[in-house]
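In order of appearance the chains are A, B, C and D, and numbering begins at 1 in each one.
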Amino acid sequence: MSRDLGSSRLWPTEVWARPWSLPRYRAGAMWLGGIAAGIVVIGAGVGELYLWGDRLLGLLGRCGLGAAWVAWIWVLVKLGCVLGVIVANGLWAVWWERKISAHIQSRFGPMYAGGFHGWAQTIFDTIKLLFKEDVTPAAADQPMHALAPIVAIAPCVMAFAPILFGTELAAARLDMGVLYIFAFAGISVIGVVMAGWASGNKYSLLGGLRAAAQIVSYELPRGFSVVPVLMFAGSLDLAVIDRAQAGYWLGFIPRWFVFYPVVGQVSFLFFLIASVAETNRTPFDIPEAESELVAGFHTEFSGMKWSMFFLTEYGYVLLSSFLLAAFFLGGGAAPLPFLNFVPSWIWMTGKAMFMMFVFMWFRWTFPRLRVDQLMDFNWKFLLPWSFANIGLAGVMLWWMLR
Amino acid sequence: MISYFKTVFTSSWAFVQGLWITLRYMFKPAVTVQYPTEKLHPYPPFRGALLFDAAACIACGLCAKACPSSCIALAHQVNPETKKRVPKVEWYTLDLGRCNFCGLCQETCPTKPKSVWHSLDYEVVFSTRDEMVRCWKPGFPLGGRVWDPVAKDFREPRGHLPVSASPARK
Amino acid sequence: MASEELTVSGPGLEMDTMFINMGPQHPSTHGVLRLGLTISGEVINKAVPDIGYLHRGTEKLMETRSYQQCVVLTDRWDYCSAMPNNLVFCLAAEKLMAVQAPPRAQALRVVMCELNRIASHLIFLGTYGIDIGALTPFLYAFREREMILDLYEMLCGARLTYNYIRIGGVAADLGEDWVAKCREFLEYFKPRIDEYDTLLSFNPIFLARTQGVGVIPRESAVAWGLSGPNLRGSGVDYDARKSEPYCGYEAYDFDVPLGQTGSCWDRYFCRVQEMRQSVRIVEAALAKLAPGEVMAKGVPKIIKPPAGEAYAHVEASRGDLGIYLAADGGAAPYRLHVRAPSFLNLAILQEMLVGRKVADVIAVMGSLDIVLGEAVR
Amino acid sequence: MALTKEEVTAKLLARIPKAAAAAVPVRDYPTVRLAAASDLLPAARLLKDEMGFTYLEMVTAVDWLGPTSLAGFVSSRNPNPFTDQPALPPLAPAAVAGANYRPVFDLLWAFGNIPERLKVFLRLEVPRQDAEVPSLTGLYPAADWQEREAFDLLGVRFTGHPNLAKILTPDFLVGHPLRKDYEHQPDLYDGK
């Protein structure tokens, strides 16, 4: 049944004058609840693993399985967790993005599916996508067209292996974790180029080529902006970086890298910008620039193939958010000493969710750059200044170690 | 050199300002209406789907002449004995598929109250072309009926606001 | 602006060009426009606009309709701002009939046309934001435009195709609280323009995308017959409201914003400035709105202007909208020709786009603010 | 130096042979009738180069043959259950007594002088059969599409136009719709 609102139009002037007196306008703080819910959704599985992992390991051992079997099962469990995080993140982030964009734009976003603020929207969308016809254009290069989404998503899943979900909480501890992540994150672009090439569509081709140029270029400042962090932490291991940020100056300023004067902030911003560019999001979304290239490289994809590209995109957003949290925002460390009783994975995911919000906030605020401006910005601004930043970090390190 | 840093700073500041605006709107309530579940009434002058009152009509044909898209057709009654024109409609049709919603028929209608007028019905949806043509004969309801070519009979149009939901005639 | 076209020479180094069909179904062609682009890399070698997908033959249709009925058809030209369309037709007919609308009707015409200019420029602002990649200003612009449409609905019962301005006056007088509502809107709207400035006009990315892009030099703009903000963006001071005032525009105090260089940003900012000026005009018009008739006396029910020819033009939202009306003394116009600003603004695309990048096509096309309904009538 | 309407007309009349003030002027604007198509380019050059009329406001033509013919009019399928009468246009134009119908195309150009805020109309009558006038595209790029439009809708040929192709009507449409004797040829989209 529909509700009759009568003939009195609610102009923004009236709506904003008395927001809380209107029962149907209580959605303003939706996103706050969203962050909390996100922590629960993303963190829950991980947190459970954190608490129950040892017991599970012991249980497996007691079952009489050999050590090799236990190790294998353990790997599979962790793999399942990471995959679960990526898929759950896809569901959650799309809904959240739609909500954030809606509220930024003075509208509601999904409101029907599932009842409460359309929480089940993306779940139903996924079901729809699963049942959708998988269309391959006649002009497409069939095997490449089928392979492209897989090539895009596989490295994304693999890059999650050393990601910290809390202090000492990762699927795999790698000494060269940072390098590993950057290396795998760089592979996805091949899938994007394949998609653009194999679609047999000129717009897709342009999108794919733009993506190749953009992602490869932005790998550089992204890598270089982390170098100061690595210098201060003295390791490529994410766990070491995380631990290096524990503790407080003067008892209340967290020793997070983002609070290192100048160097920390510059690195943080550069890494953030380069991450936005890496994930092909506005203001750097030229590969899929909707108004120019229709949908860029994924114009000709439908159903699950298309949603794999989306999972990849949101997977990388999550990856970048976790990296930002681990590198600059103290990882699993609490912002104030008395909050240390809260488990580290809550802090970690909370910070990551906040960074994800920033990603979305950017997307719904800024226009898009042009290809050449994007390249100019990268090569003429980000790259030189990230070099300068490394130099400055060196000076600072020398002064600290003196 | 100074201007370079100034540019960097002013640009960054402009970004921050933009972010601040969008953040502020995020905490303001939404202004949209959830349409199918929440419905607004149009303002009284609204020009929605046309209604017709066969009882009030004097079959003068001014509305048909005023219509810029020839969507109105009518025939007046004829007295069978004297063969003279009776100021009553024999039949009256309105092709809503052609209608411009311009209001000229309503303006020219000389009767009081108007015998053809715009309702507030804005959910004018059809599934067939036959359904676009509203037909009236004396005794038909204000909303008219549509001709069903299969059943060879008139039936009520589907999926519209009930005529009772429309306001008093202008 | 120097062409960024690459010249490659030598055996085996010839660059292959690619033909791209932009439109008729494309997110940014603002209607059914087709651009045939020949590109090498991302640089455009040749651009051929192809229009006519929305041609409804209004000029022919009007030859079989009475003058009152023609007003209804005028609504369908520039559906984003239909009031000036109504107005220009009525002005032409009034010229032939030597009828003058009463002062209140004239003031109402001014109010409605200026509100419509704001509404139309809001659509431009929103869609241009989308063209450049910023999606949020679009929703903001539509939020504001919605209020203007509400005002129109309160007034004449339609939100897009008004049929409000009639030969000899206007169709209806204002309702009770219309003026108060309109003032409320204006007060609400003024600070919003500053927000658009922050979000778009002075956003460094937006500036980078539009400043110095798609420059139309003064002479070129005049020669190609551009009008409206596209012409004024190039610094040519041409505004029908000033040069040949109609409906008492000479009594209002307003500025005609001019651009400096004729780039996309200048055209864009001209429109933003025009919104401010329109607010000013509406405020002044509301302030001096005196009670009185809204329809001239002596306008017959069946309008048959004497034989003759008239040309009327108004400053519509998209430029100089002109109507040439030839009457033979019959009940229908003998011949009507529309000088549609969008039609002429579009023609320059074929010259402007050469040497630009694909991303600039969107920026340039968006900045011309065309409505295909008007361009092809 | 401020230019006035009268000066513009006087100069045109003086310089262009056999030009005359139009008998039926465009209301409120100076209107000059040219005697021959060959006078158009000199007149346009005079206006543009010497009097600063750099803005070509409008190019159009009027077919003065007589009232619009409804021959070939196709009405859409009539779903009216009461009658077989199809919906016709609201008004069937009829010849008006005393109207000056003649088999000519009356071409009309409007030139604008932006700084002086002046507008002047040139008009030229050409016979309907094989109507040909010189194109103004060389002087005014704005003439490009407007001449194409006049060609498309009325069938006036503009000699010297670089690309005189149809612009508004679809390629399969036969004839020039704005001619008064235009008869619609049935095509694919007319329905049954």
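Going forward, contacts are C-beta pairs under 8 Å (C-beta built on N, C-alpha and C of every residue); 3 or more make two chains touch, one makes a residue touch a chain.
Computed from a predicted structure; not experimentally measured.
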| item | value |
| --- | --- |
| Per Cα centroids, the chain farthest from chain D | A |
| Where chain A and chain B are represented by their mean Cα positions, the distance between them in whole Å | 48 |
| For chain A paired with chain C, centre-to-centre distance based on mean C-alpha positions, whole Å | 42 |
| Cα-centroid distance, chain A relative to chain D, in whole angstrom | 62 |
| Mean-CA-position distance for chain C and chain B (Å) | 27 |
| Multi-partner residues of chain D (at least 2 other chains) | 89-90 |
| Interface hub residues of chain C, defined as touching at least two other chains | 65, 69, 136, 140, 143, 150, 199, 203 |
| Shared-contact residues (touching 2 or more other chains) in chain B | 15, 18, 21-22, 25, 31, 42-43, 67-68 |
| Touching chain combinations (by label order) | A-B, A-C, B-C, B-D, C-D |
| Residues of chain C that touch chain B when the two form their complex | 65, 68-70, 72-73, 75, 136, 140, 143, 150, 153-158, 161, 163, 171-172, 175, 195, 198-199, 202-204 |
| Parts of chain C lying in touch with chain A, wherever the complex brings them together | 18, 20, 26-28, 42, 129-136, 139-140, 143, 147, 150, 184-185, 188, 199-200, 203, 205-206, 208-209, 357-362 |
| Contact set on chain D toward chain B in their complex | 77, 79-83, 85, 87-90 |
| Residue numbers on chain D that touch chain C, as the complex places them | 24-29, 54-58, 60, 62-63, 67-68, 70, 89-94, 96, 98-101, 108, 110, 112, 114-115, 117, 119, 121, 140-142, 144-146, 149, 153, 166-170, 177-178, 182 |
| Residues of chain C that touch chain D when the two form their complex | 51-52, 55, 57, 59-61, 63-66, 69, 95-96, 219-220, 222-225, 236-238, 243-244, 307-311, 313, 320, 322, 324, 326, 328-332, 334-335, 337, 339, 343-344, 346-348, 351, 376-377 |
